[in-house]
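Reviewing the structure listed below.
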Amino acid sequence: MAFEFKAIRRVEFSETDMAGIVHYSNFFKYMETAEHGFFRALGHSVVMDQFDPPVGWPRVHAECDYRLPLRFEDEVEIHLLVSEKKSKSLSYIFKFRKLNGPQPIEVAHGSLTVVCVTKGMDGKLSAATIPEAFSDKIEVAPAEML
Amino acid sequence: MAFEFKAIRRVEFSETDMAGIVHYSNFFKYMETAEHGFFRALGHSVVMDQFDPPVGWPRVHAECDYRLPLRFEDEVEIHLLVSEKKSKSLSYIFKFRKLNGPQPIEVAHGSLTVVCVTKGMDGKLSAATIPEAFSDKIEVAPAEML
Amino acid sequence: MAFEFKAIRRVEFSETDMAGIVHYSNFFKYMETAEHGFFRALGHSVVMDQFDPPVGWPRVHAECDYRLPLRFEDEVEIHLLVSEKKSKSLSYIFKFRKLNGPQPIEVAHGSLTVVCVTKGMDGKLSAATIPEAFSDKIEVAPAEML
Amino acid sequence: MAFEFKAIRRVEFSETDMAGIVHYSNFFKYMETAEHGFFRALGHSVVMDQFDPPVGWPRVHAECDYRLPLRFEDEVEIHLLVSEKKSKSLSYIFKFRKLNGPQPIEVAHGSLTVVCVTKGMDGKLSAATIPEAFSDKIEVAPAEML
């Protein structure tokens, strides 16, 4: 049973803006990097074609608190923790730590809620129970970590 | 005194992802489109070089709730409303409406808190009082609109 | 018969990088804005689901020469001109002009070659003849404009 | 003396578009990933603040030929080769290889020309000789590799 995953990225030039820092929208791309790495670490892709019917994971809520800026070539750790697990949805929190300073420092804190959906005959998406083969592998992180 | 602004965008192909819908991180770019249009409508740029010292507006909090997807070529209205005004920060909410359906429909709801900062001699940013010439032009939207 | 289209965009904050100018990759997104506007002006979407079989337009070549930088809030005109028309492909050139200076000035010059494709039973894409209903509406721009 | 560098990236979900493949503009971001990795491998950052005056590297030409699509979670190697070295500019070619198939396969081929510039007293950029401390470390790749 897994409840966390850490991804590391180096800030790209194209992720900065004219203020000289990472554009705030990119933190949401960074969250996905960790989320999809978490899925892969469990032997799954977020594109779950192997299930019948195939399921997808649209986002229903996303947020981020920004404390310190990230700059070009900074090394950032994105620490995903499962904060809630329901039959049809998952919530994560994300701790962003800059690693290349005198000591690791938390620069941002985010969260994401995603819903498991499947596509009906009519092409419409509707919420679906998370496939057991995946659900059985994950659990909520210990409270003291959240 | 202004408390709202509406921007309209057409969804670009490059804003979609392999799920066929606008990638969730782009809603945060859309928020900025409305925010910066709001500034321009008041005769200002978000890059406030005309003040001495110059001020900037880093984001400290951003969030979004996603209700319905946006697709390629959809026309989306981003309705900014000032939800809070403090001496050194502003908060906005954003209502995203898809305009090109049978009737306008709200597809997402976001919010943003930005802080007015200025750069010190040492290059460090610190919170600053919003310049009067700008502050005098804005007010919080009526409660029933929020 | 159409051979040109002009789109206008205002540079977004999120399109700039830490050098204070539009990131060079964004000029390729700007090209698409003009290309898709060109299609729409002819009553078509680049996503051509109305044909049987549906066709798509992957890019096979793209290039851009950069002369002058674009900055935040600059107004840029993207002038598309059809430079070549074959049975299964189209080429465009793009002239980027900054409009908000003392006089319009060309800041970049790009080109794009796209191929008309259709998806076979096996899911593989193969080059296809451009549907007549679309092809009949476009022609190559006069040589002196290219 | 160095003339090449290889960077590896895994395709992110946010880099795909509704056609299910990596958006063509992202190949230009991938090129930068390799270019900046090349600089770092030589002990430099593309943001060369350590020189007096500081130098920057704006792009003057970029192009890409697309042969095969890249998809979500594909592993792509970006192989940079120095193709030209002048006193004030550098040119690179880039070979994009997809690594996660039965065998590595070239999916795209790009090139980039960048100019070394410095900022004058008046804030204007002008072409400058590449600093020796950097120039001495690089050479053009053998012809048979280009």
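By written order: A, B, C and D. Residues from 1 in each chain.
The criterion applied here is as follows: a residue touches a chain if its C-beta (ideal position, glycine included) is under 8 Å from a C-beta of that chain, and two chains touch if they have at least 3 such contacts.
Predicted model only: the values in this text are computed from it and were never measured.
Peer 1: Write down the chain pair with more C-beta contact pairs when A-C is set against C-D.
Peer 2: Answer to which pair has more contacts is C-D.
Peer 1: Let me spell it out: compute each chain's centre from its C-alpha atoms, then which one is farthest from chain B's centre?
Peer 2: Checked the centroid distances; the maximum from chain B is D.
Peer 1: For chain A and chain C, let me know how many angstrom lie between their CA-based centres, rounded off.
Peer 2: A distance of 34 Å separates the two centres.
Peer 1: Could you give the separation in Å between the centres of chain A and chain D, each centre being the mean of its C-alpha atoms?
Peer 2: 29
Peer 1: Between chain C and chain D, what is the gap in Å from one C-alpha centre to the other?
Peer 2: 24
Peer 1: Which residue numbers or ranges of chain A touch two or more of the other chains?
Peer 2: Residues 13-14, 18-19, 21, 25, 29, 32, 47, 72 of chain A each touch two or more of the other chains.
Peer 1: Mind listing the chain B positions that touch chain D in their complex?
Peer 2: 13-14, 16-21, 23, 25, 71-72
Peer 1: Any idea which chain C residues touch chain D in the complex?
Peer 2: Within the complex, chain C contacts chain D at residues 18-19, 21, 24-26, 28-29, 32, 47, 56, 58-67, 69.
Peer 1: Could you list, by residue number, the parts of chain C that touch chain B in their complex?
Peer 2: So the residues of chain C in touch with chain B come to 12-14, 29, 32-33, 36, 40, 45-47, 72-73.
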